[in-house]
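Handing you a structure now.
For clarity, chains are labelled A, B, C and D in written order, and residue numbers in each chain start from 1.
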Amino acid sequence: MSPTDSDSDHNKELLCFVLRLGDSTLIASQRLAEWAGIAPTLEEDIAFANVALDLLGQARHLLSYASQLEGKGQSEDDLAFLRDVNQFYNYTIVEIPNGDFAQTCAKMYLFTTFLMLLWDHIARGADQELKAIAQKSINETKYHIEHFGGWLIRLGNGTTYSADRLKEAFEYTWPYVSEFFSPDPCISRLAPTIEIDLAVVQNLWLEEISPTFLAAKLPTIEISRFISNGKIGLHSEHLGHILAEMQFLQRAYPGGRW
Amino acid sequence: NEREVEFNGHIAEGNFVEPADWMPERYRKTLIRQMSQHAHSEVVGMLPEGNWILRAPTLKRKAILIAKVQDEAGHGLYLYSATETLGVDRENLYEDLLAGRAKYSSIFNYPTLNWADVGVIGWLVDGAAIMNQVPLTRCSYGPYARAMVRICKEESFHQRQGFDLLLQMMQGTHEQKEMVQDAVNRWWWPSLMMFGPEDKDSVHSDESKAWGIKRISNDELRQSFVDATVPQAELLGITLPDPDLKWDENTGHYRFGKIDWDEFWRVVSGDGLCNRDRIATKKAAWREGAWVREAAQAYARNLSNNGGKHER
Amino acid sequence: MSPTDSDSDHNKELLCFVLRLGDSTLIASQRLAEWAGIAPTLEEDIAFANVALDLLGQARHLLSYASQLEGKGQSEDDLAFLRDVNQFYNYTIVEIPNGDFAQTCAKMYLFTTFLMLLWDHIARGADQELKAIAQKSINETKYHIEHFGGWLIRLGNGTTYSADRLKEAFEYTWPYVSEFFSPDPCISRLAPTIEIDLAVVQNLWLEEISPTFLAAKLPTIEISRFISNGKIGLHSEHLGHILAEMQFLQRAYPGGRW
Amino acid sequence: NEREVEFNGHIAEGNFVEPADWMPERYRKTLIRQMSQHAHSEVVGMLPEGNWILRAPTLKRKAILIAKVQDEAGHGLYLYSATETLGVDRENLYEDLLAGRAKYSSIFNYPTLNWADVGVIGWLVDGAAIMNQVPLTRCSYGPYARAMVRICKEESFHQRQGFDLLLQMMQGTHEQKEMVQDAVNRWWWPSLMMFGPEDKDSVHSDESKAWGIKRISNDELRQSFVDATVPQAELLGITLPDPDLKWDENTGHYRFGKIDWDEFWRVVSGDGLCNRDRIATKKAAWREGAWVREAAQAYARNLSNNGGKHER
């Protein structure tokens, strides 16, 4: 294999990983934005918008970098608005429905705690571009974890009703967590640029969430045998509906200036 | 009433009234009504624009729109807080809104039907709002005036973003230009109505003027808005939907056609296209959020009972 | 005015009317189809699908005729899938959300009873093409009215809860009825080909619904001052979301064969 | 047991068993399980296809798809009715499904991800279903056999429509062909799994065979399906995702690769991508429809109490 081949292969893996992160943050942001104007309090309207904006900002950096890696002259918008379901590589958990407030907080907590570990690894890696994005994102993600984690604790220790809702939310969202740690050709080929050992990450993650779970009175559960596969482009039925709405204008009015 | 005379003098000298100061009951009531209505408008105003967040055509525009809707929530929050300094409770004010006892700006009872509506709301609706609100930065009630300074700054920013959005679209495809024109056709007259009834039909105005709550009349504000907006419309290259609109050399103002006050009153009294949907959306959100607010309160109570630690 | 001009003017009015009917039946069908697989009983799954199919069939005839009148070589699918919100002319009532079962039955009852009166007038008119569509549709519409009217009576005389739901459903849907009878340049210019006097139709309609309202224990209400305007292309915010989903494939994959 | 011997003889002579006839309890139980599972499959099967009704790309295809989903509801209805002839109650059967006590065809736990999935479900899934069901038209239990005659007729119609949909798409754009191939890649193996475990691992089969409930083995049916389908795939111009698939001159059959039985068992036991969503959707619909069913029952009761007239 010539050096160039190896370079381009590496580029392909990196592209896959960057798209994964870009799509995950984009779809997470899109879902959160569904709450605009209908959160339980005005403070929460602001907080959710804040998180949605942070995630969207991350998505834009990531998708811009992805288009650079791809080298086909596509923009962040081309990637966001002109790919169909099977070309999206987000983790499935970000595309599942918001459900009630507890379910939104649960999935966002599970996702952002995992994302944080990815940022940590990226920040210690050798890809300068991605490193810069990670460094910027770490503080944001810290705030997201605190925010959603704080709600888990409040709901788990609020009323009987809120504790029940929280438990139901976890039953629904938890199975999607196994996708974080399932065999991942894309991540495994990132080394040595970025070294991510998913078995290690899984342990770190379980440690990370454990105090919050304890404080929120949530039972610790085993990683489910259920495995979703959005990260390799095999999604749930939900993503198609998200994209139909998200991409409408770009699809209906090609060549427009916005 | 001696205190009232002193109070009026204080205001006449251009001083601020602060929450701890004595104030006439009618002054307090008027402010509560106006400020909470203003807060409600911000909060309901999140809906028509929020309607396009999920469909924004670029990621940059999506970010701008989320930030704008977030600012509106922020404005709502300042304004409720400022109103609370008058001895009322935000939750009660909000429930007045949901029960239909309190009003909000009628402009938000019009639907957003194409993406250009987002730009036109920034340009015309925020433009009209700024025109209404800048005088309030010199309002006699300190907390309101200070909130207005911050809000007006952000609103100007939104207005520029809206105009920029339209400018982009006007350089785009034929269909995009049509969208902009369509949006302007629908929003122009309702924007003019934002200044309220003509001066001859306007209540509250005299007293509000004396108290420095309302410094410029509806008709004067409306005229300033038209004068400021017509050249911008020309810059954009769109046609304002008023055949009677023309420059008047003598007065140095634009003359404009007759406003359909029947429509205005119909919408104010609850029969605009979106009145029902807006309140229904907010009611449902408030109802569905009740258990979350209760949980947060219960948690806070437990926490303070346990000296800051939640049980394990 | 030359005969040709007058012909083409008449064509324009007729086109507007045919599109109005075509769009109304299409969007009503699309909304009903949202119930697929989630109706309260299997029998109702079948019945709703039946009505959705009938309405879709009517829409196809109408839109085909519209494209013929338009004479631009567009197909029924071009009209359904490539127009945006402001080019749709359906009555607003068909685009409002389904809400619960009561709300769906309420709006469908209100719409189909009105539609029936239009078919009646069309069937007595001079446009042969439209007449044929009306004659075919009358029996279908009769069944729809019976079906939804039957549910109104059942819900109104079922449990206290169902009667309350029904009343709420009417409070929400009723205001959209005034659009049926509001000034209508398109209908008024159809004469002499088709003679529809909306003041007469309003009275006929109120007579038609009155026994069902009585049997369903619904209060008779005055026609509302609220006036929606979907019929002239000024819609509620709901239609855009319907179209984003409905048109996705045609927009995303132009030039496809389906 | 003399009656049982007589019963078996009756069946062996090719006669039907009818609801009023005596039958062994295990025969009854087996049929209830199989028939209700079949009914549940029709009812759950409405969801993956229903997912595309609102997005069907032409009005004709939309009509075909609504009609198909409606047929599935109809099949569910016949099958529940046929099962009720065995002395069980449809509502109880349905509640077994919702509570996870009863199974339905695992194939419906795979998601429909692009429009071609609708065609592939018609072609492969309905094709496999027909292969499974045609022998059931000669099943010993009369009501089941008769329901199957009607259902198989409609299923063949659906299969042809599905194939036609794919044929159209394969004559379309490059992207459309990719969609079809993508859908086939995802559905091929799960379709083969529809015939159940390999004969060596299959329970129930011997007794069912004796009773004429199951006339042909899983592996035989699967082989017939593969043999029938490969030429159709060639006609379509798609590649079946099995590198080991090849014609075997000696046997006169297509050989095919190893089925991933781990996946099969994972999905059967509840961990397929859509198991949770399917049941959650049906549960929510059942719960939200409860008040409607109650109202209809209350109304019917009132009506019969009042001699057929509702009060005014």
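One rule holds for everything that comes next: a contact is a pair of C-beta atoms (placed from the backbone, for glycine too) under 8 Å apart; a residue touches a chain by one contact, two chains touch by 3 or more.
Note that the coordinates shown come from a computational prediction; the quantities given were computed from them, not determined experimentally.
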Chains shared as neighbours by chain B and chain C?
-> A
Any idea whether A-D or A-B has more C-beta pairs in contact?
-> A-B
Rounded to the nearest whole Å, what is the centre-to-centre distance of chain B and chain D, using the mean of the C-alpha atoms as each centre?
-> 57
Cα centre of chain A to Cα centre of chain C, whole Å, reads 42
Any idea how many Å lie between the Cα centroids of chain A and chain B?
-> 35
For chain C, write out the residues touching at least two other chains, lowest number first.
-> 84, 240, 244-245, 248
Pull out every residue in chain D that's touching 2 or more other chains.
-> 55
Pairwise touch network: line, ring, star, complete, or other = other
Return all touching chain pairs.
-> A-B, A-C, A-D, B-C, C-D
For chain A, which residues count as touching chain C in their complex?
-> 84, 240-241, 243-245, 247-248, 251-252
Can you check the complex and tell me which residues of chain D touch chain A?
-> 48, 51, 55, 111-114, 182, 186, 266, 270-271, 273-274, 276-277, 280
Touch list for chain C against partner chain B, complex | 84-86, 172, 175, 224-229, 234-237, 240, 244
Could you pull out which chain D residues touch chain C in their complex?
-> 43, 46-47, 50, 53-63, 66-67, 69-70, 73-74, 76-77, 80, 115, 165, 168-169, 171-173, 175-176, 281-282, 284-285, 288-299, 302, 310-312
Residues of chain A touching chain B in the complex = 26, 30, 33-34, 36-46, 49-50, 52-53, 56-57, 59-60, 63, 76-77, 80-81, 100-102, 153-155, 157-159, 161-162, 165, 214-215, 245-246, 248-250, 253, 255-258
